[in-house]
Structures are given as structure tokens and as C-alpha cells.
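Quick heads-up: structures coming right below.
Next come two complexes built around chain A: one with chain B, the other with chain C.
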Partner chain A sequence: MATEDARYRESSQYQLWSFSPTQLAAMREKTNAAARARIAQRLSSMPASSRNTSAPTSSANTPDPDGASTPALPEFLTPAEEALLVTFNTSELLRAGDHAEMSDEIKATAAAFFRRFYVTNSVMTYPPTEMLMVALYFACKAEGVFLSITDFIKTFGRENPEEIIAGEFLLCQGLRFAIDVKHPFRALRGAVMELGTFPDIEPARLAAAEQRAREILRFSPLITDAYFHYTPSQIMLAALSLADRGLAERLIAETFHYVAPPANNSGAETPASSGPDAPAPSRKPAPRSDGEDKAQIIGSHIRDKVLGTIEACRDMLSKELPERREHWTNKAVIKAQITPLRKKLNKCHDPERWNLVELQRARREQASKKADSEDGDAEDKAGGGTIEPDGAVFGGPLPRDTKRRKMGKGLEDPFGPPL
Partner chain B sequence: MAVSPLVAPTTDALQSSSRPTSSSLKRQASAVPSSNGNGTPNLPSTRAAGSGGMTLDPIEQLNEDEKRKYIKGKKLGEGTYANVYLGHARHDPSVLVAIKKIKVLQQTYRDGMAPDAVRELKYLRELHHPNIISLLSVFSSKDQNLNLVLEYLPLGDLEMLIRDVDRVRYGAGDIKAWMGMLTRAVWFCHDNFVLHRDIKPNNLLIAADGEVKLADFGLARSFADPGRRMTANVITRWYRPPELLFGARHYGGAVDIWSVGMVFAELIIRAPFLAGNTEVEQIALICKQIGTPTEDNWPGVTQLREYTVPSEVVPVWGKEAYMGRFGAVGPDGVDLLVRTVALDPKKRITAREMLEHRWWRTEPKPTRKEDLPRKSSGGEEKMGADLRRRNGLLEDESNSRGSKVARKLDFGQAK
Partner chain C sequence: MLRKAPAGGRAVASNGTTAATSSLPVISSEDMCPVCKTIRYLNKDMEFLINPECYHSMCVNCVNRLFNDGPNQCPYAGCRKTLRRKGFRSAFFGDLSVEREVDIRRRVAAVFNQVEDDFETLKDYNDYLQMVEDLTFDLVSGTDAQRRAAEATLQQWELEHKADIERNRKAGKEADEQSRRRLAAEREAARQRRMEALREAEEEKLERARSREAELDSLAQGDVGAGAQRVQLKRRGQAAANRAVEAAVNAAVAAADVGRLSIRGLKEKKKAPAPEGPYDPFGGMDFVPSRYKLRAGLTHPGIEKYKHDPAHITGGYSFDEYMTRAMFEAFAGLGVFIEDEKEVGIGLSAGEVATISAGIAAVGDKMELD
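What follows is the complex of A and B.
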């Protein structure tokens, strides 16, 4: 645990939520394909009249000679279309966070939560417009701000707290219960303080660069995949480089000018550090450890790698500079790009998962039924080795479905209800 | 690869899946489309949504897989906040775990997942250290409760050992070993910018091999940015430092160090060192036993919002004053103790400085953990009781403004 790098590699951000671009694309493909398969299955096992759309595709209007046994399926979103909706809704999330005057950390955590959630969940399965509110609420908690749900929804002129609460656990599960997100904001502060110690750098230039870099950090890495590919310090340096390339280069140059001394770890062992994972700092006299740590992690051979990585991150951020905020709220853009996808989504979303409140209620009902029959502890049995068929695990038919089916029959069946 | 939506695998199709399973696992569903190994044609209509229930999404599948790794056994403890169960790994029954089932739906908290659960999850998920309780897994149960799978710590906690004066005997080497493990845990938290905020003997659990593990992160938080306010109402009273009793809203790792000092003292005298029944009493005890905080020994202390001390000012006691009662750990041990209970948090020793203190290197050497005194029974129940507890925020202190107003009146009369 000597270096910060080693420490970062222990974090859930690195272990669970860092991917190469290829890996990330593959996961999104897989999520999309799996969602299509499931939704198709669910839709086709429902009577056509009970679907929430009467004409999913043009072919559905064509009379079906075989009757209703194989209803036509809607057109699904492609992975690229899903990605566009996630990005658009990330912008919406940030706007909502601004509206509620949340801190930079909370908004950034919420955006990271939201994008992580939709790596393994499709926007066709769970509604992004709901999940972005859930992400904001849960991010407040994750950052140690515990607002009452009533106050939270009031801020957004909403009335039903259940809509948020119902999705919270789902989100948490989708995050694989890793709720610590590491951000570049403090890194920027530190970089600026360090640059401030160089007498030749003008304070005004530094202040302007910090302001611009912070503006970038508040938007660009959050709405792109930067958090999946880069560490907070790399993101910070990329943002600083966009704000003032000279300052970023200076910082890197100063960091790497260091000439490595011979590696020396012969400090006396203290009894307190006798364990294998005992804190490293106690082994060395404090004044020297900084230099030694630096020597271990800063070889000149790493400099090029670092520079390359920061350049790549810079490219990614430059595609969504803060000025693009206007792009994502531009009516013409929304009409041309987003509205068609929303329409498509209305027809191809998952009938069993889309309504979070109903989904939650069905699961709770099922659990409490089980709890009654198993003397107070719902999953003791399952834990003890009996795995129920999956139907039992997540509850029987959703009440909503049965209800809609009845209503559908009554209202929409042109031949009227059965006699 | 295009997956035809109509041939999504069904539960039945997976009954002879490749997973080496016992019969109880046969009905496991997989929602991830996979090549259909057994050649059975899948009919999409076999699982009508209305007839059987819901198939699992990948994320739900992941959760099921996680849950299936453990088998839950008997209940070790039950509380309003959480139940604790003994459990073991499915693949190896000799691997024991404790499963802490946090009740997400609580009567008293209507805003979804409770703060304790969020904090515990956040920090235990990130902190990996031999002296911090390991979070092995997390899964949700059907009733939407959060299950934390923790390493099993069967030998109870430090409080148990401290209190059992008749049957448990220990000496300076043992105290040094326990203190070393505690200090490393706290150093690690602080080095990761985490404040524990509830250090006390019954949050220090003991593993089968004698290793001490800091547990219960339900009150933990990250270091705040400068200027951001935190609550002063943390840390169980007997272990709470004067700055928090005075209502400080900006503080750092020093709050935990005070608690470490209190645990240290308690290990030596085998009774809580400063056991006030109220916050008023707690401050009075600190003033009497350690010294009265004043502008002289703690510049700025009188500016703290709730600063009130008994009128009779007691000078800060020197090292010699502690030797009589705490001399068992030797002059170096006493020196370390005195540094942990410095009134001014700025002058209090840090966790890292503690680890560099000379006491660790003087005789006696810390006892090897295998040779540390232990109790033969009651540890399991103790773990159950410790883990199910709600932490540090005490009911009677939640209305802190009221109690602090009352305190001033008490001091007025206490002459």
C-alpha cells in the first residue's frame, strides 16, 4: 500500500468500474442484445391487446393470417441509440442537479451512478428519466447529505416519493453496491496549489485556468465515458490541459524532473509494523518517504505513457466541452435526435420492468407472503439450499399486468368481452 | 452477433446447464442468451409473463449468484436496525461468515436506505486491511433488504476481555499487541481520508487467530473539504473528545485518536476511564482527570459554540500524574497515552505519529496474536450483538440543543 497508484487499484472504481473502450462497447452490446431478447419474449407472451402500444411497427397493422399467436415485435433501440439516450439524460441529470443547487461532488457522483447503471441495464428495461432522479437522490446519500425524500421531490415539483424510493435499491444493485466514486475536483485544487508555488506563473493566469478546468470537470468527463477509462488525476490533467496546456505540461514536467535515487527500503522495522500489511510509512523516517515513493512511481519511462493517456483523455473531453450544454438543450437537436428515440422507446420498453413502483410493490408483496409462510424470514429457506424457480424469486404475475389485461379486453377487443 | 428475440433461453432449457450443480440449483434461470447446449428447441411461449413470473435480468442474475455463494444459518442477534446470522460458504462449509441483514424498510426512516447502511456499505466496500473487518460480499434478499457478508469473528470483542476481570488476565505485551492493531486500523482509515467516528471496545472484534478488527462503519464519513460543516453529534459519549462535546463542526482524524486513547486507558485500568452519564458529566470528568480546556492550553477553544466548563479550573495533568494509575504500560506507554488525550486537537498525536512512537520498540514486545488471551465462550453471541447494534448516535442525545442548554444550567448550580 505504498503508493497512491496501488491504493487506487484497490478501489471499486478501478476494480469494478474501469474498462477499456473495447470492453465497454462489448458490455453495452451484450446488455442491448439481452434486453431485446427478454423484451421480445415478454411482449410475445402477452396478448397483443394488452400491450401498451397498439401498433408497434408498421407490420403490426398488417392483418396476420395466423391470428394473434405471434404478434409482431416493435423495433428495438440499437446500442448506439441507447448510448445517445444515456448521454442526453446525463445532461438532463446535470441540469436537475443545477436546479437543486447540489454540490459538484453530488452531481458528479450522480452522473457516474447513472452511467454505470446503464452499462449493465438497458434504457429499454428501466426508464432513464426516472433513474436519473433516483441517481441524484442516492448520490446525495452517498456523499453524506441525507435529505428527506419529501424535500427532495418538492425541489423538482414532484409529488410521489415512491417513484424515487422504488428505484433506489435497484440502482444500488446495478452499481454492484460500490457507491464510492472518486472525482478529480480535489486533484485540481492540489494541482493549482502546487503551480501557485512557482514564482513565474502569474496568479491571474492560474486563476483563469482553474476556473475553466473546473467548468470542464463539471461537465465534460461526466457526460462522456472518461470516468470508465481514466483515473481522477488523469482527468484533472486533461481538463487543465484544455484550459491551459502550458500549465498542465509544466506540472507534468515538474513531476518528472525528479531524478530517482537508489531504491532504499532498509529503514528499521518497528514492532508496530511487523504484520505483512503493516503501514509502510512507519518503516521509514518521514522526511525521506516522499522522495522514495516518487522514485518508485516516477521513472522517466512512464512519462510518455502518462502524456499519451492524458492526450487521449483530452480528446474525449474536447468532444463535450461545457459549451455543449446548449447543444443538449437545443430544441431542434432534441426534436431531430431525441424525440424519435423516445417514440421508439415508448413501444419497445420492457413491460415487466418499466414501472418501478409497481415492480417494487410486486416484489415486496411476494417477499412478505413468503415471510408469513416461513415464520418471519424470507430468505432463510433459500439460503439453506432450496432455490425456488425464478418465478417465485421475483414474484408472481405483476398485478398491473393482470389489471391491464382485463381492461384491455374490455376496452379494446373489438368483439367485446367474452360472453 | 444478432440474437433472435424469439429464442431467448428459458428456465427449462437451462435445467441441464453446464454448471456443476446439486439438484437444488437446477431451476436456476439465466437471462443471458447463450448457445443452447442441450439441443432442446425453445419455445418463446413456454414462459408467459402472466403464468410463471419474471425471468432474471443480468444484474439480478449476478445478485442471485452472489447470494448463492453463502448459506445462512442460525440467527446470532436481532435488532431493529439489523439481524445477524451465522453462515458459511456453499463451496466449503468450514469457511464461516457473519451475514448482517440490514433492514432497509425501517419504521423510523422513511427515506429509503438508511444513513448507517449507506455509510457502512460505502466504506467497507473500499477499505481492505487486516485490522478492518472484511466485507466479503453484498447481496439483496427478496424482501429488498441489504445483506452484508462479513468475515466471521468468533472471539467476541475487546470489551468482553476488558470486563472479565476474574477469568481473563493480560499484561503490557498484550495491551501493546491490541493497541498496535487498533492503531494500524485507524491509521489506515485516516490515510484513506475516512473518519470512523465510533471507536470503542465493543467495535473492536476479535478473529479466530486473535487479530483485532475495527468494525461498524455506520457513522463513518470522508474528510470534509475545508470549510464544510460536519455534525458534532458522533462517537459514543465516553469516547467522545472535548471538541465534539463543545460542538465543533470542523474536525479531523484527531476525534478518532481521542477515542483510541480512551480505549488504551480502558485496557490498562479495565474499566471505562471517563464514564460520564451525561454530556455535562463527561465534560466535568475530562476537566477533572485531564485538565480544563482554556485559551492557554487550547487557543480558540472558548469560541466553540457549546464551550462550557466547570468554574474551577484544573491545570492539565503532566505525565507523572498518570504513572500511578497507568504505569503498567511503562513510562513510554504513558507518554503515548498522554499524547492521545491532548485537549487541543491540533496538538494531539496523529495515527501515523503513534505508529512511530518509541513505545512499540521498548520491552515488553507485543504478544504474538496467537498467544493473546481469549475467552473460550460467548464470542459468537457477542459478535451477533455488536453487529446488529445501531451505532453511536444515542437516542437521548439526538436532541442535542436541548441537552446542551440544560448543561449550562447544571454547571451554574454545581458549585
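What follows is the complex of A and C.
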């Protein structure tokens, strides 16, 4: 295994936040289903509501394309509609970042945070428009830019900093506290540096390709699921290949240059002109000079596989090229696609979780109440009420239930509430 | 008056007797022979003997007096056992019932002396032990009938298994002999070691004296300097080296010894853990790039201007570090195929992920409460 890959596998991005497309789809389905069940339960148990408490059956929950839903419960969003909303809000997030003149890294981190958060939490549970700001603010911190909250909200013409602060810990929980997001921006520079050493590539072509690739990286991978399915270097190469296919292929060809057969060891393998980036075997003393190992790392077999992966990534990115920014801000598109969803969302959102400030306040009260009851009379605790509200307030969507570690009593799930 | 006086006198008298009895020293069986009523006060060297026939104790004088002329009846009232002079011995335990039990157990053990190897299964052996213990209990504290029955069983067994008992007895003796020999050998070895250590100390002392003398000599001859120093150092080193070699040889011999005479129940010494290298915070991760090579000519138009920017160069910003990082990021994970790997679960399992994140989160959890 190549050392670079081994190091990448240590990252939280790989360990916690990389999924195959089927896994990701399954998780979203599960999140959606869990959100529906919980919201249906809450709506029906709302005392003030005049809705009759018909048990939510699956047929009642599935939104009927004909709009013939039961009067008892609102029509819920489907996973696909949720995904559309998340994507739209990601675009909004990027616009907000542009408006605040944030760096590419911050915007990208915020977008990654936002999308990660809504893998395990439903749009119907927490308001995406609020979480978007939270993600942006928190991404500033994660990238080492420490804005004051008042400055931040002033930029967006808001008044109440509580709205941002209330969602911050929630976001962290949703992210499973994996704050480090690996981006392809610096990787692009590395690739350009490498390509710049090839004498036959004109700097102008390189500069143009880099600019275009960077443009793509600023938008396409963020608004798609590329960060979940591909590594930053693969995303970078896919973007580069969209900008200038020749350059990307050249880089890959140079990297995976190893040809297995020649029995003679690779003294002739690094001719200065063609393969200057070949790791000279003399540099690595003992174990890796082995031919088989080298074939594993830089052989043609793995090159084909990398090419295939990059091609898939390229397809994904090409669906959301930077030109699509206009698409997401196009009034007609919004009216046709987003507004109906928003209306739907207004009806089916979670009554208890929607207001982040309220939620935060409830949590604080809960915590202090719990502390009190732990200090004082045990009777109060036993007679309880604490347990049920606990579940209600601290519970959160956890599609990966198996991953939950049973915490001690009094320690609520750090990964946030089940729905 | 008349009526009163005798009453009072009687009262006094009775008081007097009670006072007399309570003031007398309590004479236990330890201090008074129950047969001749001699007390220890009169005979300091009084010794009590018992006969395992009936375990009635009496003093040596009584034994001599009664049994010197041949067998006689036990002097205790109601005991009709005929005792012989030869059977008397001093009791080991103060409590004679214990003495008796020990004797009985010894006798039973001499008869029922099978060992575990004589049985096919452990259960058989345990049943046998249970049977023996029941029998012993009957003998020790059973009723008369039980005791008689147990006695009969014991004798019958002895009769039936004479050969076995004899064989086992011999085997037991041999084992005893062996362990005795082994202990003796160990003692001998320990003695040898002590002698050796003494001798070594002696030699070292001599050696020191000799080297000191040599030093003085060389000083007297006047060639002070590096030469003498070196010689001395060398000699000292030589002595140390010699000692080391000897120690190694001794250790080897000792190891061989361990092979020959094994001490039962002695735990095997754990091997010393292999020496660890220096601490590696990265857990053996390899930082040598395998797909690319960091070359000197790497540069990027975007960073050129910073190379002359005082804000960067004054602070000691390392552009090489930047190159390293950019190159690493350009190639890291190129061969990581998430779709394949996550499907088959390469990397961390779900459980591990949960543990890791929970560990991270346990800290973060407190923040919420502010």
C-alpha cells in the first residue's frame, strides 16, 4: 500500500465520512424514515393541534404524487426532495460565503459540514436555512478564522446571535466531531507544481487549466456528493480533467509509470526526460524495491482503476459545472422546484426541533434540571418525567444505530439526539 | 437468739468453704495426674503419657508403677482396656481427641494409600476419597456400631489389597526419598554459589590491590600520563569483561540445572520483553512518498510573490513545507477506492468508528452545559 494512501486512510474524512453511493443512499433513506416516524408521532401528540390521532401508517406517510394524503398528517418530503433541498441550500450557502467574502477553504468546509450534517439529520427536523449559517460560522472557526459573532451576523443583516450559537453544538454532534475536512485546493497546486516541471507543457496552458479547475473545485464537488465518494486527489484530478483532459491524463500516466516485466532492476527506469517523478528505487532501501510491491503502487493495473474512478468523479462533477450556479439562483427554477418543497416543509417540519433557540433553551433547562435532581431529592428523579423529556429533547436521528456506544446514565448521546 | 446463732454460724461456715475452694488453684489435667493425684507443684518434671488404646493420660510414675510388671488394666474407672508399657507415649497435641483423630487418620491413610494414577477417571478417585473420608469420620466420631463397622471395613480392605498397599507404600517412600535428595542437592548448589561469590569478592579485592600497586609503581617510575591511565583502564575493563563472561557461563550452567532438577509449582520465569525502539508517535507510519518525488525545482506562480514578502520570510515560513504538503495532498488517497473499500468494510468497522467518535465526543459533551 502506498504510504500516501495509508496516511489518507487515517483521516476522519475517510474513516467517518466516506461512503459508497449505495451506503449513502441507504443512510438518507433511513434518516428520512426515522424523521417521518418521529415527526408524525410528535404532531399527533401535540395537545393544541386539532388533528385527530390516527396512527401513522406507512401508506399515510408516503407522499402520494396525486396529493391525496390523509388529512391527519401532512405530506412528508421524500429522500429525493430532501436531497434537492440540501443541494439548493448548499448553493445558498456558497452564495452567502461569497457575500461575506470568505476564502475558498471556508466555503468548502462549510458546504461539507452542511452536507454531512444532513446525512444523518433530516431537513424536516432542523431548519436548513439556519443550519446553513451555523455551518458557515463554524467553518470559519474550523479553518482558523475567528470572526466575532456580531461581525458575522452583521454581514448577513441579522440581529440575534443566539440563532447561530444555538445550532453550533448540534452541528458538531451531527458531524461526529470530525472537524477536519480535506480539500482538493492545495492538491491542485501540488499537481500544477508537478506538471510545471515537465518541459513540454506551456505555462499558459497550465495556468488556464488551473484556473478553470479551481473554478470547478469551488462549486461542483461541494454541491454534489463528491466529498463522500472520492478522495481529494481524485476530485482534483477529475476537475483538472474537466478543465484540460490532456494534463490530467499526463499526470496520471507519469505517476503510474511502472512497467512490470523487465527483469533488470530499474536503473534505466528514470530517464530524466520522460519520468522525472519516478521514485528512484535507490531512495527506498530495502522492502519496496521489490517489483511486485511497486506494481501495486504505481503499476498499470492500479492506473486503470484510478482512471476509472476519476472518470466516475468527472461525470459527477460535470453534472454541476460552475455554470450551474445560475441555475440554482434562477427565479423560475426556484419557483418551479424549490418553492413547492418549502411550502411542504412548512407543514411537515418537526414541531419540537425546528426552532433552534428554543431547543437550546430546553436543553439547558433539561441539563440544569437534571443536575438539580441529581443533587437533591432522588424521588423527583425517580418519579422522573426526566427520562421521557430526555428522550424527546435529546434524542436524535441516528441511522447508524449500531455505532452508538451505550453511554452511562446521565450522559446523553454525544452524537446528538435521535429524531 | 438461739435460733439465730446456728444459722449465722452455718452461714459463716458455708462462706468459709466457698472461699477456700475458690482460692485454691484450679488443677487441670495438665497439672495433676488423674491416677495418683500428684500435682505439678510437687513434681516439676511430671510428664503425662497416653496409650492409644484408650487415650487416658497418666503421669510417667504411674505408668512405671502399674505396667512395669507386664500388661495391666487401665487404672481409669470403667475402662477395661488392657495396656502395655510399650504402648505408652507422650501426646503431641494438647487435646487428646485431636491426638486420637490424627492417629486414626494416619492408620487409615496407611491402608488406603491409593493415588490418583490408580484410578481411571478423576470421578472414581474422588468417590474413593469420599469413601475413605466417610470411613474415617465413622472411626473418629461415629457411634459404637458405626465404629465397629468401619473397623471391619478397614481390616477387610487391608486384607484384600495387601499387595497394592505394599506397592503404594514403596512408591511413596521412593518419592519421599527423591524429593529429599533434590532438596539436598539444592542446598548443596546454594552453598556452592555462596562460596563462589565469596571467592569472587576475594579475587576482586586482590585484583584491586594489585592494580593499585601497579599504579603506584608506574608513578614511582615517573612515566605519568596517558599510557598508565590506559593500562589501568584496560585492566579494569578486562576484569569486568572476565566477570561478564563468567556470569554468562554460570547462567548457562544454571539454565542446564533448571532443566535437570525441576521444582514443582515453580512458575516459569517470564521472558524479558524485547527491547523497544525509540517512541514513534506516528505508530510506524511511513512518510517517504511512494508515488511522487519531491524535487528541488517545484514551484508555483501563486507562491512566488510570497517568497519576497517580508511578512512571510521574516516569520520563517517554510516554502519547502508548503511544497511537501501540496505534493502530498495531490497524491494522497489516489489509490483509495472508497466505493470498493467501504462496501467490504476495509478500514474501520462501525463499532470502532463509534468508539473513536464517542471518545472524542465525551470531551465535547461537556461544552454544551457551558
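Operating definition for what follows: the second predicted complex is superposed on the first by the 305 of 419 C-alpha atoms of A that agree within 3 Å, B and C clash if a C-alpha of one lies under 4 Å from a C-alpha of the other, contacts with A are read in each partner's own complex, and residues count from 1 in each chain.
In the analysis below, a contact is a pair of C-beta atoms (placed from the backbone, for glycine too) under 8 Å apart; a residue touches a chain by one contact, two chains touch by 3 or more.
Source: prediction; values computed, not measured.
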item	value
Contacts of A:178 with chain B and chain C, given as first, second, both or neither	both
Contacts of A:194 with chain B and chain C, given as first, second, both or neither	second
Touching partner for A:250 - first (chain B), second (chain C), both, neither	neither
Touching partner for A:95 - first (chain B), second (chain C), both, neither	neither
Touching partner for A:146 - first (chain B), second (chain C), both, neither	first
Which superposed partner A:4 touches (first chain B, second chain C, both, neither)	second
First, second, both or neither for A:353, with chain B first and chain C second	first
Contacts of A:169 with chain B and chain C, given as first, second, both or neither	both
Partner chain in contact with A:233 - chain B first, chain C second, else both or neither	second
Touching both chain B and chain C, residues of chain A	1, 7, 10, 169, 172-173, 176-178, 186, 276-279, 363-364, 367, 402, 405
Chain A partner contacts - residues on chain B that touch it in the complex	1-8, 11, 22, 24-25, 27-29, 31-33, 44-45, 47-60, 62-64, 67-68, 70-72, 87, 104, 110-113, 115, 118-119, 121-123, 125-126, 128-130, 138, 140-144, 146, 176, 180, 183-184, 187-188, 191-192, 221-222, 225, 352, 355-356, 360-361, 365-366
Complex contacts: residues of chain A adjacent to chain B	1, 7, 10-12, 30-31, 33-34, 36-42, 44-46, 69, 73, 76, 120-121, 125, 137-138, 141-142, 144, 146-149, 164-165, 168-169, 172-174, 176-180, 186, 270-279, 281-282, 286, 351-353, 360, 363-364, 366-368, 370-371, 378-380, 382-398, 401-402, 405
Complex contact set, residues of chain A against chain C	1-10, 14-16, 18-23, 169, 172-173, 176-178, 182, 184, 186-194, 196-197, 203, 207, 228-234, 236-237, 255-256, 276-280, 283-284, 288, 297-298, 302, 305-306, 309, 363-364, 367, 400, 402-405, 407, 411-412, 414-415
For the chain C and chain A complex, residues of the former touching the latter	285-293, 295, 297-303, 323, 325-340, 342-343, 347-348, 350-351, 353-358, 360-362, 364-365, 367-370
